[in-house]
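Each of the next two complexes has subunit A plus one more chain, namely subunit B in the first and subunit C in the second.
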Partner chain A sequence: MALLKLEDLHVHFPIRSGVFKRIVGHVKAVNGVSLELKSGETYGLVGESGSGKTTTGRAVIGLNEITSGKVFYAGKNLIEKKRTKELRREIQMIFQDPYSSLNPKKRVLDIIAEPLRNFESLTKQEEQKRVQQLLSQVGLSQKSIAKYPHEFSGGQRQRIGIARAIALQPKLIIADEPVSALDVSVQAQVLNFMKDLQKELNLTYLLISHDLGIIRHMCDRIGIMYKGRLVEEATAKEIYENPQHIYTKRLISSIPDIDPKNRGKMMALREEVKRDFDEKYNQYFDENGLAYDLKAIAADHFAALPGEGQ
Partner chain B sequence: MEHSGFRILWREIVRDKLALISLIFFMMMVAFVFGISLFLDESEIVTVDLFAIHEPPSSQFWLGTDYGGRDVFGQLIIGTRNSLSIGILVTLISGIVGITMGVVSGYFGGTVDNILMRILDFFMILPTLMIVIVFVSIVPNYGVMSFSLIMSVFLWMGIARLIRSKALQEKELDYVNASKTAGSSHLKIIFKQVLPNISSLIIVTMTLNLAANIGLESGLSFLGFGFPESTPSLGTLVSYARNPQTLEYRWWIWLPASLLILILMLSINNVGQALKRATDAKQRRG
Partner chain C sequence: MTDPLLHIQRLRTSFKIKDDYYAAVDDVSLEVNKNEIVAIVGESGCGKSALAASITGLHNKERTKMDGRISFKNKDIANASINQLNQLRGSEIGMIFQDPLTALNPLMIIGEQIEETLMLHQKMSRQERKKRTVELLKEVGIPRAEQIYYQYPHQLSGGMRQRVVIAIAIANNPSLLIADEPTTALDVTIQSQILDLIRKLKDEMHAGIILITHDLGVVAEMADRVAVMYAGQIVEIAPVIELFDNPKHPYTRSLLQSVPSAFDKQERLYVIQGVVPPLPNLPREGCRFKSRIPWIPEEVHEKEPKMHEVGPGHFVRCTCYEDFHFIGEDGGMNHGAS
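Take a look at the complex of A and B:
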């Protein structure tokens, strides 16, 4: 059974204007997204800025209100029932910005122990022990416990954020661009560490990113989002080798090739894909510019192709 | 700002000699006034003594006597204590109300913010002076506490607005979201996460407010709406100067009190300005 299942998720933000702040329209940040996460896998949500990938993640954890649709976590509907304590502790989040996501006035001990204090009644010694254990798990020294966030580098800060996220032994972690604020050299370090942790704790990741390299490195399955809707969903291999939707094709063609010999070829390819995209745009998107519903192409490959088939 | 906010504030005061001297002076003044007033008999000081009217300063009456033969030095000490108490109480009460309203309003935003800000607007348009004067005339015997309370009703709005704007900024930061996903309640987030991040702003505002609030009572007493003569304060002493005879020939009654008000307000203001500089890295001297 799927660990997390989204069914026709909508998150709309009202646009207010005028003297009386009347609602004059909606920004449909997430406009009918359905997806499934199996236990233990890493699902990558990719898309350009404003495609609704972050909003989807935040809606799952409850930071954004869901307009309509269903979110099932381990078979339980998260919307109908109030999120119980048990459910809350099983879904945690890693934030994008390691600078603003740690309270500058709090010591590392207080930051990592915050979820523990809310969900478990530990004595001071037990709490300290748990935090030290978590710190060694994320590869930080025991001395860090009494330090303040500004004494750490970006990568170390992100590890503190990860330690906080895994403190309650969650099953699902929503990682919202976990490394986009870090140097490339540190990115790999944090990502590999997240992978190790996944094996160790049997975590399921919902990885949100715009970086196709990271997604390819990390994910088992990938969903491509565009204008609040999924345009294609498949295994990582399928997406990179056999993209079906023109938007996916264009996205994949934009990955730079490291070999300068291919420069001309890549440029020609990109030109071609762009032409294709401009020509067939109306064919692939309906009159409102939205992607069609996903259709099964293969066993594990879905794409939002127009009605008449491929 | 970083965790060492308090240390930065302290360092700025130490680097600014004037602020340091002002702080030491103010602390000593507070200790002195509250200490001495313990040994003074207030009822004896305010008792009229017809045989000692308008005495100039002497070894018996260090600062002479007023038109009721009351010792001015004793009145000065007790008056300073009363004025300081009012200043501190008003700052604390209006500060606590203002901070709570501001931080709740800013943190929740939306409808809560709208309602609280309209309540605030209502208090802003009240004619403060008129209501205080009416209050003073209808309440038969009021003292330091009731005076502080009525003044606080009209003084919490400024700090509430300031704190609200800062809280609006803070709540957008991810650490607030992180606390939410960690299962902390709104109350916990407001007071344990957001409030420490605006603490330096609170300290600066409260200090500058204190300087203003010490002069508050004096102003009203001078206009004749402050304390009665049976409750000495800096304001009642200064208001004796409304009599031209006293103003011209009996300086010892009003001059010490006037100077004390000036010095107290100045010294607190010096400290406040140093603290204010400390919150802006570009202006720091330390």
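Take a look at the complex of A and C:
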């Protein structure tokens, strides 16, 4: 059974205008997304800014109100039922910016213990012991407990954020651009660490990122979002080596190649894909400019291709 | 060979922190030629942006000390007055900044922001200026240029705003362009369009370009030569293919190992031990990268690291590159700093 299942998820934001703030329209940030996360896997959600990937993640954890559709977590519909305490502790989030997601006025102890205080009644000693355990789990020294966020480097702060996220032993972690504020070498540190932790605690990740190198490195399966809808979903290898949708092709071909000898080849490829994209764009989207529904084109490879034939 | 467009010799730029000065750029020598893209790579705190600010004089003069020579077209600009700099900046030297939202004035329409730089550096009538502005907008690939002229920055997307910043930078046909992380805030598809545009500036206007970035993919795609900076110094400089095929300095090699690639899947990423020390604590003696490769014996480092020529146009600082090796599966490959 899937750990997380989205069925035709819609998140629309009202646009208000005029003196009376009447609703004059909607921004359809997420416009019919269905996907499934298996337990223990890392699912990457990719797309350009404004494609709805962050909104999807936030809707799952309950930070954005869902307009319509269903979200099942371990078989339970999160929308019909009120989120129980139990459910809320099982889904946690790692935020993008370790500089702004930690309260600068709180000590590390209070930051990491906050979820524990909300959900468990521990004595002071027990609480301190748990926090110390968590700190050593994320590779920070025991002395950190009385320090403030500004005393740590970016990578260390992100680890504090991770310690807070795993404090309640969650099963699903939504990581929204977890390393995009960090330097490459620190990035490597945090990514390796997230992988280790996943094995250790059998975590499932929904990883949201626009960095296609990171996505390739981390993910088992990938969903490509464009204008609020999924245009393609497949295993990481398939997406990078055999993209089918015109947008996926464009995206994959835009990744800078790390080998300067391929420069000419890449530029030619990009030009070709761009021409294709401009010419065939309309074929790949319906009359309202929306991507078609996903169709299976191989086991574990789905793409929003136009109807029968082309 | 002709003289380089920009010639930096033994530049040291120190910033005042509390009561002392600390060098953020420490003994950097670099040449940029016409029709050449030189990339400067390194982590934050390595002095890349401080170097760019030194060239353009865009730092707080009261808190900064500069030694060394910067000559642009054979004229010294390190000690130029504000007036002299103002004549160069925006005309002979163009700048593209990282964040297009903060680089543009939110209260001015796009057209006026571009015209401002034309007005300061060229004698043109109002009609001519407007005509040239629309031309520039078209040149950087902005559709509906006549309408965009009247819009405000917030009405444009990130990629469009960055194009406007580029239009301002190239308005007066600069011969040197400094691009500080020009695509960091952008999506990959937009990034590749902006990079194409910068490449075109080189091909069509034969400008010399300094491209500051931390993205090694962008370097591989764009640069003719690459300078790798660490702790305020250039630790390695080489033609681009040589640098990627035959990197020598431990820092360059470590950086290349730590980037997740979209083209093949590694099990683990390499982690450089430790962190870039904050400016006041930068090691000033011996090999500055020493503390981050502690398994390399002390003797292989030079007392006073110099640049060694290891191939045509390929220089490496310190002798430790000869004996450098990555540490085994454990230690260095583990969580690294904590």
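Just so we're on the same page, the second predicted complex is superposed on the first by the 308 of 310 C-alpha atoms of A that agree within 3 Å, B and C clash if a C-alpha of one lies under 4 Å from a C-alpha of the other, contacts with A are read in each partner's own complex, and residues count from 1 in each chain.
We adopt the following convention: a residue touches a chain if its C-beta (ideal position, glycine included) is under 8 Å from a C-beta of that chain, and two chains touch if they have at least 3 such contacts.
No experiment lies behind these values; they were computed from the predicted model shown.
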Is this a clash or a fit when subunit B and subunit C both end up on subunit A?
-> fit
Considering only the touch criterion stated at the top, classify A:92 as touching first (subunit B), second (subunit C), both, or neither.
-> first
Classify the contacts of A:161 with the two partner chains as first (subunit B alone), second (subunit C alone), both, or neither.
-> first
Of subunit B and subunit C, which one contacts the greater number of residues in subunit A?
-> C
Thinking of the overlay built on chain A, is A:101 touched by subunit B (first), by subunit C (second), by both, or by neither?
-> first
Touching A:278 in the superposition: subunit B (first), subunit C (second), both, neither?
-> neither
In the superposed arrangement, does A:153 touch subunit B (first), subunit C (second), both or neither?
-> second
Would you check which partner chain A:240 touches, where first means subunit B only, second means subunit C only, and both and neither mean what they say?
-> second
Where the C-alpha centre of subunit A sits as vertex, the angle toward subunit B and subunit C in the overlay (nearest 10 degrees) = 80
Thinking of the overlay built on chain A, is A:200 touched by subunit B (first), by subunit C (second), by both, or by neither?
-> neither
What's the minimum Cα gap, in whole angstrom, linking subunit B and subunit C in the superposed view?
-> 12
Pick out the shared contact residues on subunit A: the ones touching subunit B in one complex and subunit C in the other.
-> none
Which part of subunit A faces subunit C closely enough to touch in the complex?
-> 48-49, 139-141, 153, 155-156, 159, 183-189, 191-193, 195-196, 210-218, 236-237, 240, 250-252, 254-261, 263, 266, 270
Which residues, counting only subunit C, touch subunit A once they are in their complex?
-> 43-44, 158, 187-192, 195, 214-218, 220-221, 223, 240-241, 244-245, 254-256, 258-263, 265-266, 268-272, 275-276, 335-338
Can you name the residues of subunit B that touch subunit A in the complex?
-> 1-3, 5, 173-175, 177-184, 193, 196-197, 199
Of subunit A, residues touching subunit B in the complex | 61-63, 85, 88-89, 91-93, 95-97, 100-107, 114-115, 118-119, 148, 150, 161, 164
